[in-house]
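Below is one structure, written out as structure tokens; the observations come after it.
Naming follows writing order (A, B, C and D), and every chain is counted from residue 1.
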């Protein structure tokens, strides 16, 4: 029971972290129709920028400055890169962001090298806040939860209660009309892209110390974020939230319980052979759930897309 | 009595709670030129999309030459001899004009999904395509990518693609939308020429076009047909006058 | 080989059949393949050329999806990989049981298994195009790649499975001991696959693949199910990817999970796009250029991936038609016989531009050296010149090259644009 | 202008990489390992150690056999078996006689297989394969061949050492085994299970599992499971980011027992563990640094640090490889005939400055040497890693580990 509670907390942390990325990605997608492959790269930049800043002034200023830098960078990418490619259609746009992801990884390696950089949690949060059945819950994780929830609430407020939010919501569905009403839609696009990447930057800052800051961190998370918004339904902020939490808990619980596939084979009336080395199914006999945990989201995505091409909460075809 | 080319019985379509097509009965006999007119938002395009299998109907039946079309996909309906054009120009912009027409000939000439025939080796395909191009006066444009044609030329190509497959029921969705007078005359002549001996169903906004071309006219208002008949009869129908002019006046406000 | 050029031939001479002028590019290509090993006879050159041919077949197969069918796949490596793995198992069985199967037909089996897998996966993944297709391909790619470490019986785990091609029956006395023999075998399959893929694009399904790419809905109203057209393209692409896998198995005699990974899938996307998706021969250029970059540039500089990444992003931004697109841009000028007008402006713009790029590269290399080499180890070699990386003169030269080149290229760019315009307009015609 | 211009003719057009005539005065060694991409740091660090060892051991002493010097050149295989085979071909064409490689057993399998075939098909350009770090036991068992020599202890020998240490620690009652889901992770798990059962039947293996390699973002759930299982010690073969992730998650979630590892030092990992891993992380390795066994090591290490202040000598086996090879060449009396050199190495013994005698077992070409279990700490560290103040200190030593370990190798000798 303790393990279930602790897993719920850990899964929540992972899920909310994913949400910080997927919310920005889905906002960008629903406005501009662009699946931004480089989104996780901005997350990585957030972590590296914060690391660099932390060398001079400590962790806390980086929490603010790094996402701002990332957001500005994102806006510049939109203005001078994506807008240019936009005229060629969606596939080149996607390929552009794909190339950008590769380029950013190389640039990061160019400046910070290929090793893991020692980016640490702030000392003030390096203690176990409480214990559940012998398992320590670090204060930093609780801090992560609060940051993520605060950002989610802020986003919700901006989108539903402010004038800017109204315009964004309108531009989501009717970009032409909004432009005709005198709003500068390209500027809104640039702003949304900037804010979306800044959110990814925040995620990078708070995740860097716990998940490690290294050049492969974007690749590790990149496709999962994609999977998240596809499962949730492209363009649906709520779907992104649900899918993020779903994947967070799914991977956490799958890693925890050593369910053996042998029991499925036994249920089908098969008998475990004495000498596994001769059996063609020997790999299945020894397979356990944690081994396939990280690929479960992909399996889930394929199944969902086959049944519901627009994802769980999406309204339009992906 | 012969089987009508197209027969609709009690056709209905709802999107959510809104009912767009509210029970249509219509019978169009083979060889007839039939026009569907009506004010904006009357459901003309929806009716087209129902007949061609783009949307499933909510209830009622659609019969093509007596065969029920329920549940059939657009390509299956097309293979039964019904072809349509689109209100918004819907061609293959990156392919050449010649290629556009040749692609529309492939199925009717029995090539299906074959990957053992070379299209360029078939004399029938090449000649057939050239013939169609000739009919729609685009022979000189054959090599150009379709996307660079002028608007009227693209509309002509659209009609060319629609008739190329040799379907005997042709459905045209506002073929003259957005055209100048001279262009309209050109297209009307074209339609008259290429739909000879075929069943034509067209949606049109331009009354002049309709009265010149159609054998019979149906007036669609708010998802219902309020009148069907020869052009002069429909023109005189007071219900039509009221609905059509009323809606037109409303639209002007 | 552009479509319009093809059609021109048809329109003027319907059903003209095969003419010498249309066969010329193929004959030249085959002759070229035949003499390459004579010009570059070292084993490493042949190994690199073998790698190029494998990549060419794979890239062309991939372009059947991306360029001709409009389907963006993020997991196409699995069809090549699975084809290759099956071939490897066949090689091992031939070795174990002495099955009389000559090695040269092996790629066909790779193709059949690639086809088989594509038939299964395609049955649900091709129902929709666009993002749904892309995402399913990503998911399937990730799942099968993950299987490569889980299902050791088939994929051999991390070390993969290896075999010995020479155990197969000798084929007319050739035992395939030497790289050169393998080269000619692969060249045969490359030519055969390329011709077949080209012909496929001329068949009704191939033509309709273009139509479905441009406008799936319209294709449906021409009697074709967009889904089935996509399915057939997908299966054909899987078949040729499998052939590439078989070629890989013959050349390397080993297959590992790496061949299935998303990195391979991403690389082939890059290669195909770089070469140009809009033209049949585009991916061939991409495969050649990329293989050279990968094997040659990486020997010269540690930061080669940075250059490749920058090249790729620049290509998407400025040349969406890829390298082949850039070449084909000159066809109108050649037709008008005005290519010569471009030569001088090209030299005046491109030479400074190349200098600018070299300058930027020099600065990057020096910067990289200063940051990442051992302190005290200031000596570095660049373009066959050894110098001190902390010497400001080196920096200055890089900066002068970069800025000066940029400025000069910028100055002469209007002339180039002007010349371009003149080269592409008919004499006497209105501008 | 201080440019020393030196125009190399070679490599203008790489396709024509011509087979440069083999210089009798130079033994060319091709280092085929990742020099770009995610594993590049390990690769370039290894290359530096090779170059340094070749200079110190051979070249600065005027060479061997009266003037033959060593030249080590890096070939970037991008951690890919396919690319390794291309680079192997390039290296052979350019007259390299010795191939050294270490990162990834998958690449080692590809190389050893390709080299065996090449040597069989091209007797004129045979090469030797000196494996300095790929530890899959199969390479010196079922998949062994005459051309392959391993200078690192294999996974089974290392596990033998670890379990010898665990055997003597009576505080350990429960052990958790976790590894990456591939051949090496599985080999570690199998060896740990069988050896623990043999040496300490009372120890309970409370968990034995594999996780996908390089795909786990957050190791917290695994750490939770390990803590909940009540394990006193953890055994893992993880490396790279997977090692760091697992170790950090274990410490952060309250695990305090020993974590026995293979690869948890250097390449930024020592720095990243820092204080958190102190006294927790233990690893098995050859060659002793802390405390330094003799003055030669101190001198060697200092010279290395002077040249590469950011580098670590985290692989004394590289020094051993070069030293052993040069001694074998001296013994064989030739630097050209790789068969003679190979035969000279078989059964040869050589003393390394790192306080151990190396013996190349003839039947399977596995080197036998003293092995140590080290602990990650900052106390008593003369030579730290990653300039972090932390390093590894020898806790226990097993002499000539795995001397009598069985092998299934059946080798065809030329």
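Convention: contacts are C-beta pairs under 8 Å (C-beta built on N, C-alpha and C of every residue); 3 or more make two chains touch, one makes a residue touch a chain.
It should be emphasised that the depicted structure is a prediction, and the values quoted were computed from it without experimental measurement.
S.K.: Between subunit A and subunit C, which partner chains are common?
M.R.: A chain counts here if it touches both subunit A and subunit C, which gives D.
S.K.: Suppose chain centres are the mean of their C-alpha atoms. Which chain sits farthest from subunit C?
M.R.: Ranked by distance of C-alpha centres from subunit C, the top chain is B.
S.K.: Using CA atoms only, can you tell me which chain is the most central one in this structure?
M.R.: The most central chain here turns out to be C.
S.K.: At what distance in angstrom does the C-alpha mean of subunit D lie from that of subunit B?
M.R.: Whole-Å distance between the two chain centres: 74.
S.K.: When the centre of a chain is set as the mean of its C-alpha atoms, what distance in Å lies between subunit B and subunit C?
M.R.: That pair's centroid distance is 43 Å.
S.K.: Distance-wise, how many Å sit between the C-alpha centres of subunit C and subunit D, to the nearest whole number?
M.R.: 36
S.K.: At least two other chains touched by the same residue of subunit D: list those residues.
M.R.: 37, 40, 181, 212, 215
S.K.: For subunit C, give me the residues that contact two or more of the other chains.
M.R.: 146, 150, 152, 303, 305 - these are the residues of subunit C that touch more than one other chain.
S.K.: Could you list which residues of subunit B touch at least two other chains?
M.R.: Residues: none.
S.K.: For this structure, enumerate the chain pairs that meet the touch criterion.
M.R.: A-C, A-D, B-C, C-D
S.K.: What residues on subunit D touch subunit C, complex-wise?
M.R.: Listed in rising order, the residues of subunit D that touch subunit C are 1-8, 11, 14-19, 35-37, 40, 44, 48, 75-76, 78, 80-83, 85-86, 89-90, 92-94, 104-106, 108-110, 113-114, 117, 121, 136, 138, 181-184, 186, 212-213, 215, 306-311.
S.K.: Residue numbers of subunit C touching subunit D in their complex, please.
M.R.: 40, 42-45, 47-49, 51, 146, 149-150, 152, 157-160, 162, 164, 166, 177-179, 248, 252-254, 256-259, 292, 294-296, 298-300, 302-305, 374-377, 381, 384-388, 391, 393
S.K.: Quick one: in the complex, what on subunit A touches subunit C?
M.R.: Residues in contact with subunit C: 35, 81, 84-85, 88, 90-92, 94-96, 98-100, 102-103, 105-107, 109-111, 113, 223, 226-227, 230, 234, 280-283, 287, 291-292, 294-295, 298-299, 301-302, 305-306, 309, 317-318.
S.K.: Which residues of subunit D touch subunit A in their complex?
M.R.: 37-41, 181, 207, 209-212, 214-218, 220-222, 224-225, 227-228, 241, 244-245, 248, 252-254, 267-269, 271-272, 274, 388
S.K.: Please output the residues of subunit B touching subunit C within their complex, sorted ascending.
M.R.: For subunit B paired with subunit C, touching residues are 52, 54, 73-75, 78-79, 83-84, 86, 90-96, 98-99, 102-104, 106-108, 111-123, 126-127, 130, 142-145, 161-162, 165.
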